[in-house]
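Lettered A, B, C and D in written order, each chain numbered from 1.
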Amino acid sequence: MDSTSTWARLRNSDLLYSFCHSPMAVVSALLALAIILGAVCAPLIAPHNPFDLASLNLLDANNPPAWADDGSTQFLLGTDDQGRDILSAILYGSRISLLVGLASVLFSIVLGVTLGLISGYAGGRIDGVIMRIADVQLSFPAILIALLIDGIARGLMPRDLQDRLSLYVLIFAIGISGWVQYARTVRGATMVERNKEYVQAARLIGMRPFTILRRHILPNVLGPVLVIATIHLAVAIITEATLSFLGVGIPPTTPSLGTLIRIGNSYLFSGEWWISIFPGLTLVLLALSVNLLGDWLRDALNPRLG
Amino acid sequence: MALLDIEKLHIEFASRHGALTAIDNVTLSLEKGEILGVVGESGAGKSTIGNAVMRLLEPPGKMTGGAVSLQGRRIDQLPPHQLRELRGRRISMIFQDPLTSLDPLQTIESQLVETMLVHLSLTRQQAHARAVELLESVGIPEPRLRLQQYPHQFSGGMRQRVVIALALCCEPEVVIADEPTTALDVSIQAQILDLLRKLCKEKQVGMILITHDMGVIAEITDRVAVLYRGKLVEEGPTGKILGNPDHPYTKSLISAVPRPDVKLRRFPMVTYIENVQTDSRKDLDIRTHWLGQARDYGRHDDTPLLRVENLGMRFVLKDAFLKKNRRMLDAVKGASFTIREGEVFGLVGESGSGKSTIARLIAGLYKASSGSVIFDNVNVTALRNEAGLNAFRRQIQMVFQDPYSSLNPRMRILDIVAEPIRFHKLASSEAQTRAIVADLLDYVGLGQRALRRYPHEFSGGQRQRICIARALATRPRFLICDEPTSALDVSIQAQILNLLKDLQEKLHLTILFISHDLPVIRQMCDRVGVMRHGELLEVADTETLFAHPQHEYSKHLLSLMPTLHFMSREGLELEKPATLA
Amino acid sequence: MLNFIARRILQSVFVMLAVGFIAFAMFRYVGDPINNMVGQDTTLAQREALKKQLGLDDPFMVQYLRFIGHAAQGDFGVSYRQRRPVSELIASRMPATLELSFVSALIALLLGIPMGIYTALKRRGVLSHTFMTISLIGISLPTFLIGILMILVFGVLLRWLPSFGRGEVVHLGWWTTGFLTKSGWLSLIMPAFTLALFQMTLIMRLVRAEMLEVMQTDFIKFARARGLPERMIHFRHALKNTLVPVITITGLQLGSIIAFSIITETVFQWPGMGLLFIQSIGAVDIPVMAAYLLLIAFFFVIINLIVDLLYFAVDPRLRLQKN
Amino acid sequence: QSKTLHWAYQGDMMSLDPMSLNETFTLGFQGWFYETLAGYDKNLKLVPMLATSWENPEPTKWIFHLRKGVKFHDGSPFTADDVIFSWKRSLTPGSDMKGYGAKATDVKKIDDYTVEVITPGPNPILPRDWTFLYIMSKKWSETHNTTQATNVKGGESNYANMHEDGTGPFVVVDRQPDVKTTLKRFDGYWNKNMPTNVTDVVFQPITQESTRVAALISGEMDIVQPVPVQDWPRLEKEPNVRVLNEPEARAIFIGMDQHRDQLLFSNVKGKNPFKDKRVREAIDLTVDTNVINKKIMRGAAKPLGTLIADKINGYDESFGKPYKPDVAKAKKLLAEAGYPNGFEVQLDCPNDRYVNDEKICQAVASMLARVGIKIDLLAQTKSKYFAKVLLQAGNNTSMYLLGWTPSSIDADNSLVNLVSCRNPKTAAGQFNLGGYCNPKIDAITAKIESETDQAKRNALIKQAFTMLRDDYGYLPLHQQPMSWGVRKGIKVAQRADDVLDIRNVVMP
């Protein structure tokens, strides 16, 4: 095929076809797109800049949403305890949350799937070593790992670099604490798959194990990975919030979605529900759309499901 | 009122590139105690008919017209629970792919017993006793031990017999048997056919027998239906159809049947093509085609290309901590033979005798328990480093016995066949790769359309052809074919065997050819080895073997070979004058 | 088999040594325990003396080796915070966590698997979509939020369930159980569901995904052709063939239920090891943290051993490959 | 008729051993079963407990007359030997009460019911200093081999850690640390006039604020402390619940590093802006403590302009009122100091130590942003926070939020710990994390320590704090509120040191 345009090929592809014919997929894609766009364009569309401390006025704090009795149209979804506009905070906060969530899940997947494939295919000693490392890793809650990495990063890096890198440290910390699930799942499936004759056929072609893993086994074990990954995204975003509570990573003056939920959590009883419920809703919608998309993708990638 | 009536059946597979009509207006009927043979081109829709009767068409397959009735009652619209009572109990089906029909995680026993418990009012003990009986009747030795085992521990032919036992265990009224004996050696095949015939005659069971094997058709069917591209082209009593066919397709089909009695230079091809389509087969000129290029391994001395010395393979049947409790199985014991460059070496023998195991050992897929495999003067069993193994692997290819699991379900056919070409960079451009793949597929009788489809959309025979195309795509020096044509209709079989012959003759391709089909063996092979119980009993030139078998078992095997002398011989290209009457 | 297990147990020693090593390497970053051990009036000199006495200014390798040396003799030290032997402390908290984990694992399995099967079989059903969506809402909200909302509804508004704690417990030797009293059961409901929610969603989705795959296979088709009832096809044949990934994840999740019940235990003031651990982090109670991490490592080693054994039990094709 | 009190606090006491940890809650709770020579009443006034009276015949000598007829929970009588034993025990290695013990060089037995205490120097407030030095039974301690205070280093458990034998009104029946502690009334208690009618107590720590509040509303708890200030409106709507609120004796303030020549965490290089009084003044004028109180503390706190709360001995309104905010002037001051565009600095803040601590820091950050001071807020859990800022941990901070309650309820304690120049030898300025140093104030502090005339002493205190105020040494914020949730009908006294004294609890 010469380059008659990748676009034409895309338009012809089964994936796009099945996408357009699944209303669920289209709706959730639009939803996810809306959230992502909102995050990306936050500086353009947000009514306020909640990260600019000088623009905050504490006297605006705890305003209810605009439609409530004493709400003000200036703050559509109300304000939090610092006088931040919730709508703007959600828009800005999802930037951080999405970045952290996506990047760390990606990191976990790459690491976990690679190790899982190697482990399941090679078996024996390599498998033993990788799986025992996994055991060690599992014993540490994400929170502790993050503390460790953050501590080391702070120790090693000069002070002015820390601020810029804190986000990446966070991504690394959350990512590294999630790989085992992928690794063990993929390993199990690989152990089953590697005995099938199509794999042996590939071996006969003279393919190197890595190529076999990538081209043949990987697509056939990706199903559960996709399931875990889509769920993992929401979890990673929430973990970020828990970590920010320990003072690792993102400072409270630039709250992420999770941090907003955490802040609002202490106002649930007092009736200032909007501080945590709106960011929570955003997160739910995001998780929902990503998971539904994941479901669709998995079904679409399975040639046997009509 | 017939036992089973199929009227004006119409089946389509819809896809977004248009619907494919798999069955077009087919009407068939089956009487009590009758055996109806169904033959036809591979991919003609034979299995689809069976699936439609069982209401097991896979989506997007759909019955778009016609009716199916059992003893006058429509069954194509039954609600699920009534359908369930019907399936297995009154109509049962033996699927074409015995290797994947069994649940890999359940023992043979539990699958047999559960089926009986669902349909018959038996106790567990009775069911167990009957299971033992059934396995015995399909010729599986040591049935009690075998019942405890899992499907992957069985050879291909043994699994096929288990599937047959499963289909028969509830004494159904109608049996649809889709290629029930493809993986069986002649003696077992005879035993199974005997069993089926007895069943039909004594218990008045009606049977639809789908097969490519004209010997089987000749032997046990009462009537034959011939299917071509989804249409019924001819139907009639067996003798009439075989001896005096009307339709041009049937005629050319019969001429393509390999004969046990005469050796041909080339197999006759089916010349009949009704409405010529774009994917009409064109002949390949191997000398000029890519397939024949760059095939000089720089060596034509007299040492054999492959030497197998004292090869042994032992499987653990039952593991235990204590040595005395372990049960081992010697699948191959002390096998030694050699294959010269450019030779076709046949391997025949009982089902479960270790033929596939030897093939896998040679290909390096199993690690031998003892002995060695020496290929091109290199001891392959001792090879450890990747580079050496890879150099060796490029030269050896294998067509697996099971065409169902040897294709990656998530890859398109194009990618499957092109993989070795791309991987070894055998073609200069992507465009050339595609052209080569298209040629190969064309030659094995699959059209351009196949390129973008997935394995599950193909019939058994079609998949087997894909496997063959893939194996040829590496331009191998040594090809192992494990039952390469078992699922193919004679026309395609002829074409593929001709291709193999050409490759062998013109390019010195060396072939290890495993088959149950003695006529094919006779036509294809230069030398033949006979196996039983893991032992190589006898190795001889083909003609010597067929004329003067030495070992008792070989004699027995040959005596069971069906004779097809009543079929017309017109148009056959004989290699030398017929030697056998 | 015995051989396999023995080798695994040997390996687990290395796993635990590694866990201990990493743990001690990171304790420096968790904070300074001294400030939590003394009142504000304690002088700097006294603080320094205490630090020296506890060996906290030694290099972490020395601290680690000392800990391992003592642990090998069964001595895990004394909790800085509670001043009780760590082994006694953990033993007193273990029953609460194990009972909670057990029940929530049970909930996750007993609800997750059937729902996964249902949603796979009735792929386009309304109820399926409802299951799939609701379960997602459950996991996309943080555990603390879910816990508090539950307390708000069932503890405060409806007053059906106690909002915290474990209720009355019965002592059986060193084990304490809440299974024998009504208040014990009532107290268990909210934390168990909160903890199970995430695992349940994961299991449900995994089972669904795998079932969809398996339902396409030929042996399912053949099972249909044999006229087996759907129930049998789904549970006996299809479900069993989905189990390898499901077992993996369930095993891991069970482990993480035990290991990470931290948040749930904190929200519901459930007196288990998770709560102990979070309090220990807060107080930089190094002996407790070290012992806890080792214990969790041990749990995981055991769980993963069981998972690997289950692979063999479930899938006969894997059985003979170990040689 | 039995009355059971269900009580929840955010944490548990650390030990039953009264010498293991010098921390207000632990000591306050221990006061239910252990007693001291002199104690506080509900208004933090000194009252006789195990000593009926005391006198200070010479500057370095005190005499205590002990109460007769007092019994320990095991039935043995209380005598002078127990006082001497307890003082000695407070000086054993595991003890955290060494500071209290060190207030005496010797304790002598005059007779069974009189003891004489020799102090190292003149000490006008010894009975006040010893309000938390609990008296243990010598005999019981010897029998159970617990004559030394519980030591983390020991390895084996100390009997007193899990058991008690005090003279207090309640007896510990069952103790499950962190889970549940059950107490019952001690029949042999000496004070028959104690107001409380509680017969049994079930104490359960609940760490999560919301859970604690839920337990109160749902009726599972009778008293919970603390309740979050933002939940007040909600609680007030509940028919069966009452919120008690008093300003606590703890002052919350922000300190600045005035010691180093260059700040550790700032973009100003080569000099330290906080050494410039104008910068400190600008900061004090920018932060509006009234707004913080209104919005963050929901009006529950008492804004402060100094480091001690109004309940503290020596407090005076003249130096205690907050600074008057003036942003324009602050900007001018900053410009004069050479920072017309402000500067950047990191603020260390705990997020689980004080009421709404992290939120306060955020509010301060956004207020300071208005004059161009960009705050890089590092909010962490208390153990990480303290490990960063405390002197023993390296004092790695440029600006920090801290709270302080003088344990003796006397201003002197705050002066010594927070204001005095750091001096490792005398342990002065131990919590002066910013290294503020004014030798003139130090001189006054020294005088306060030995001045026994209360009026003169108070004047000195006023002088010292006024100097600190004029020097803008700290950024004081407010007096933290004590916020307790109580079932309607229960009478409790809210003591300013946040201690719940069971003696004053009356159930309906």
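Criterion: a residue touches a chain if its C-beta (ideal position, glycine included) is under 8 Å from a C-beta of that chain, and two chains touch if they have at least 3 such contacts.
For clarity, every value in this text was computed on a predicted model and none was experimentally measured.
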Between C-D and A-D, the pair joined by more C-beta contacts: C-D
Distance between the centres, which are taken as Cα means, of chain D and chain A, whole angstrom: 44
Report, in whole Å, the distance between the mean C-alpha point of chain C and the mean C-alpha point of chain D. 38
Centre to centre, by mean C-alpha position, how many angstrom separate chain B and chain D? 88
List the centre-to-centre spacing of chain B and chain C in whole Å, with centres computed as mean CA coordinates. 51
At least two partner chains per residue is the criterion; list those residues in chain B. 58, 456
Send over the residues of chain D in touch with two or more other chains. 210, 214, 381, 384-385
Touching at least two other chains at once: which residues of chain A meet that condition? 265, 268-269, 302, 304
Pairwise chain contacts under the document criterion: A-B, A-C, A-D, B-C, C-D
Chain B residues touching chain C - in the complex, by the definition given at the top: 54, 56, 58, 80, 84-89, 92-93, 95, 97, 100-106, 114-115, 118-119, 150, 152-153, 163, 166-167, 170, 315-316, 319, 321, 404, 456
Flag every residue of chain D that touches chain A in the complex, lowest number first. 209-210, 213-214, 228, 230-234, 265, 288, 291-292, 295-296, 351, 358-359, 362-363, 365-370, 372, 374-381, 384-385
Over in the complex, which chain C residues touch chain B? Could you list them? 1-3, 216-219, 221-230, 232, 236-237, 240-241, 314-317, 319-320, 323
Under the definition above, what is the set of chain B residues touching chain A in their complex? 16, 58-60, 360, 363, 365, 386, 389-390, 393-394, 396-398, 400, 402, 405-411, 419-420, 423-424, 430-431, 434, 454, 456, 467, 470, 474
Quick one: in the complex, what on chain C touches chain A? 11-12, 14-15, 18-19, 22-23, 25-26, 28-30, 132-133, 136-137, 139-145, 148-149, 152, 198, 201-202, 205-206, 209-210, 212-213, 216, 244-245, 247-249, 251-252, 255-256, 259-260, 262-263, 281, 293-294, 296-297, 300-301, 304, 307, 311, 315, 317-318, 321
